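Below you'll find the structures, each written out as structure tokens.
Two complexes are shown next, each including chain A; its partner changes from chain B in the first to chain C in the second.
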Partner chain A sequence: MSEESLRAKSGRSARRRAWDRWMGRLLPFSFAIAILPILDMIYWIGARALPTLTWTTLTTDPTGLSGGLYGPLVGTLDILALSTAISTVLGVAGAAWVAEFAGPRWADVCRTGANLLAGVPSIVVGYFGYFALVLYFGWGPSLLSGSVTLAIFLVPYIFRATDLAISGIPRDLREAALGLGASRGQYLTRVGLPVALPRILNSILLAASIGIGETAPLLYTAFFNNYPPTGLTSKTGYLTGLIWNYYDEPAHFGTEVTLAFQAAFLLLLIVIGLNVLVRVVSRRYERRLRGLFA
Partner chain B sequence: MNPTLLEGAAAPKSTAVPDPVITVEDLGVTAGSQILLRGVNVRVPDRALSAVIGPSGCGKTTFLRCLNRMVELTPELRRTGSVRYRGEDIYAPDIDPARVRRRIGMVFQRSTVFPTSIFENVAFGLRLEPDATMDIGARVEASLRRAGLWSEIRDDLDRPALSLSGGQQQRLCIARALAVEPRVLLLDEPTSSLDPVGTRKVEEMLSALRNEIAIVLVSHNIAQAARISDRTLFFYEGRLIEEGPTPQLFESPRERLTEEYITGRFG
Partner chain C sequence: MNCPSRESPNPFPALPAEPARETRVEGQAVPFSRRIRRIPGTILGAIPLLLLGGIVLTLVLSSGGQDFGLSFFGVDWNPSTAEPQDAVFGILTYVAGSVVTALPALVFALLLSLALAITLVVYVPVRWGVLLASFVDLLAGIPSVVYGIWGFWIVAPFFGTTLVPLLSRGVPASWGVCQSPASSGVGIPLAVFVLTLMIIPLTTLLLRDALRAVPRPLVEAGYALGATRWEVLRRIQIPYIRRAIGSAVLLGFGRAVGETVAVFMVIGDATVLPRNLCGLAYTMPGALVGQLDSAFIQPNYLHALVEMALVLFAITLAVNLLGRRYFPSTPGRRGATPVPPVGRGGP
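This part shows the complex of A and B:
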């Protein structure tokens, strides 16, 4: 039999390669379609926020028609810290239990529950927080009610990612730890959680950046005012609430609309900051874990 | 059940091991309707290397995993029969499986180093039961020496364990298992993913260790079993077909199946 040439034959394979080339050239355009609205939005918000954004804006409270963003900014950071802390404890502990200790039936119940919770609209979670925490527990509209409500909304994100991260650890590694005489708890704290840590941190920061943009869970639970919280039980301002209240005020009145844009700009900065943090942190840990999942 | 009766029943097959460290009686394992092991009676000698050979799927690994309760980590499996370590039933209700596994250590087919430093890998088992009087550094060094790894990595103890070569990682896993000073070491095809040099080093190490502790080595490699083991157990389709001193089993096997397997007619 004579040997066949390695050169590509004309016809079908040539047509395929041409198609391949064209599709390769089109791909950057689909990327552009996705990225352009985001760039436009940053420009649109920045153009309205930046010209009058000064240090004073960040250090004074809003005062009816004008003022700054101090109170809502502090309130947002407080809510963010509290709700992220609460949802991290609940989410990580719950996922660790489900992944390592729960029997298959309980694990199934918890995972389904988490999926259901993730599908509940945030305004419904807010309403639940209003009835359960503000009214029934009598916590009133407060930093605490708002943060706990938001934490309930965020738990599924951390729970699901942590569960996947722990369950996804190579079986060999778990058996190696147990084979050395580790209890399941020791396996979790010394091998499971450290190996899953990059993905858990990722999910915490993702939950934080989802949480920072939420308004609905807070409207009925933290209410809104212009000031930073004075304690767990005080009402508080927060940036998304300020945007919700101010963005449709008449533009010729004071600087309220500008304040709303400045609040949006700060939120963008915080979210971008969280994302950069995610990348830096997970890259550092991934270097340590390189070769483990090969 | 009458223990003396059972001993008597097991005796004809394993008279050659007078003072076993592990005694297996009528061991069976099923997965649903599938039978993985049945009617296995073995006495594992102390300070000797027992090799477990047989074709793929014959139950070698399942047998090994029964010896330190690792079999329980696969929830689908059901086990019957008894496994005793120095006379004590390791499956008795008041026995802590973690303690069993500290006495009866295990090394796996694929190296399973933890994503920490070389030192911390070896120290892992030692830190599980904190003991203020123990010199962890000395124990780590001693274990690495026994695993024949010390001279290669003595200056790199803080390096990530994952940066070692495959053969070094496997010897690190053996050092890690030795650090808790087990009386029995189970190895599940530890050299199957190593190159010839790595394999030779692991075999040299096992040859040196077999005078100190009991070793049970599952091997896919008949030549390896013949080279380094004192006793050989041949499994086929979930049953122990034949066991005996290695030279005897390889030179004059009693069973036709054994002879066919070791001469390469199947498997």
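This part shows the complex of A and C:
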């Protein structure tokens, strides 16, 4: 039945429906308010970065006054690979245990712990990295300290997503496995984790996109380096750090502000790319699941 | 529309929660041998808790237990005196800077994200909703330094030459809100603007999930009585998610207060007590990230910073603990969209 035919003749009812229609037209404009700044950001960062962005920008090291992005780019990828690997191992193992084996009360405590860890400000994690890893453990400002600090920052995201993915598996599936005589460990490795895998992968991608944009946990743990890291103990550069170092240099001084914009542009590209990837993966996955369980 | 009446604020008490999922098959006491075998797993599950504990322990130990007395909560912050032991460390300036940026940003973000969540759940067709939701995700994924450099170079001139002077003219001087001539544009208004954008994803997704969790029968009952979408929203859905809104306020505040790099880049970083909403300021996380390198060789400076980190940590911990009580398992610091639950069927 159309809205028209339902509309009552009385003035009050007409007013109510008109109000509803207008809210339906006005509220979507909140999206314009939220999206416009982002479009502005993408446009202007592109406009500042693109004119001088060439292949050599990506293949030369920064020099302090000019140069390219090579060293920090490699450093970013190194830090990202290491920290994602560490946080995946810790997060998935912990969450799988919590989802399957922990008693309800202890599981609740563990989940709260993950939520709280996710709420810790990034600079506080950075302080932890500096005082515990760099100073106390004596790892020094290095790729290792930076990656571990970032990994600690990323653990809760992977943990929570894995936990949700495994506890969200339809109950029938679990009971069928247990009913066939599987132990809970067998259920987890043969059924639980494989079924949850796409979502876990998704959360790893999301964690990577969070990690690639973090600055504060790395500033005092990886410090910075214009050149690619030479080993676990060498100081390491990263794109966000390059922006942090160069963003407020006087514009006439050199090209480093432009370099910072180019790093920002690159980060935007990577983050948008990861977001699209996550969406594609999860859409394909949901479609497959619908076929499986519907 | 007469029903539900105004006298009872929430005529629809929460439906009883679904019984918790049984994770333990056997109900008897656990034998000792099995208990031992469980220890590694228990530790595994507690990794986040252990890390949290490690952070607290590290901070407490590195603070050297130095007691700054009441002056720690004072206004004066002067680390570089002729004699290092004369230095005063009062964090009030930074606390004020944090509050004065976080609260307005929270108000704006909440209003906007309420509108966004309502649009997503009630007013916009599913197909558009997916596209719009992915924009919110994008907002969440943008690195904070990128917000920072964008704010510093591109938005600041607009704020400095146009918006802030306009506000200063529009508001009577006696209100003390805004008295600022043309400036470079960095300062509290810009920080509030950037911060608003940065916490919108979190609050929007919290509110959206809460709205989606309103039991379908309640909503349908409203429509069946002839209420419009807006009326169902006003009288049923919004009252139902009041507690969730409270949570979103707390969690959003926690995020806003902890935001470090972007705010540092756009707020001007002047250790002055903010007198109105237009000047420069300096936030707690900003001071932590901006001053650690100057404190490396001055122990009491270092201790003061670490203790400020502890204060910040305590604030965010308290706020998150309170806020999470009503959102047991909603993921997303960055507002990462939780994949919809796989469970079958409706409520």
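As a working rule, the second predicted complex is superposed on the first by the 271 of 294 C-alpha atoms of A that agree within 3 Å, B and C clash if a C-alpha of one lies under 4 Å from a C-alpha of the other, contacts with A are read in each partner's own complex, and residues count from 1 in each chain.
Here is the rule we use: contacts are C-beta pairs under 8 Å (C-beta built on N, C-alpha and C of every residue); 3 or more make two chains touch, one makes a residue touch a chain.
This is a predicted model, so every value here is computed, not measured.
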- Given the touch rule stated above, what does A:V191 touch, chain B (first), chain C (second), both, or neither? first
- Message: If we overlay the two complexes on their shared chain A, which of chain B and chain C does A:S183 touch? Say first, second, both or neither.
- Response: first
- Note on the structure: In this superposition, the partner of chain A with more touched residues, chain B or chain C, is C
- Classify the contacts of A:Y227 with the two partner chains as first (chain B alone), second (chain C alone), both, or neither. neither
- Query: Just chain B (first), just chain C (second), both, or neither: which does A:L117 touch?
  - Reply: second
- Query: Looking at the overlay, what does A:A102 touch: chain B (first), chain C (second), both, or neither?
  - Reply: second
- Determine, under the contact definition given at the top, whether A:E175 touches first (chain B), second (chain C), both, or neither. first
- Under the contact definition given at the top, report the residues of chain A touching chain B in one complex and chain C in the other. 104, 170, 178, 289
- Note on the structure: Counting only contacts in the complex, chain C reaches chain A at residues 1, 20-21, 23-25, 38, 41-42, 44-49, 51-52, 54-55, 58-59, 61-62, 112, 115-116, 118-119, 123-124, 132, 134-139, 141-150, 152-154, 197, 200, 228-231, 251, 254-255, 257-261, 265, 285, 288-289, 292-293, 306, 309, 312-313, 316-317, 319-321, 324, 328-329, 331, 333-334, 336, 338-344
- Note on the structure: Listed in rising order, the residues of chain B that touch chain A in the complex are 68, 70, 73, 75, 97-99, 101-102, 105-106, 108, 110, 112, 114-116, 124-125, 127-129, 160, 162-163, 173, 176-177, 180
- Touching residues on chain A, where the partner in the complex is chain B: 104, 170, 172-183, 186, 190-191, 194-195, 288-292
- Message: Looking at the complex, which residues from chain A come into contact with chain C?
- Response: 16-17, 19-20, 23-24, 27-28, 30-31, 33-35, 37-38, 40-41, 44-45, 48, 90-91, 93-95, 97-98, 100-104, 106-128, 130-132, 135-136, 152, 155-157, 159-161, 163-165, 167-171, 178, 199, 202-203, 206, 209-210, 212-216, 219-220, 240, 243-244, 247-248, 257, 260-261, 264, 267-268, 271-272, 274-275, 279, 282, 285-286, 289, 293-294
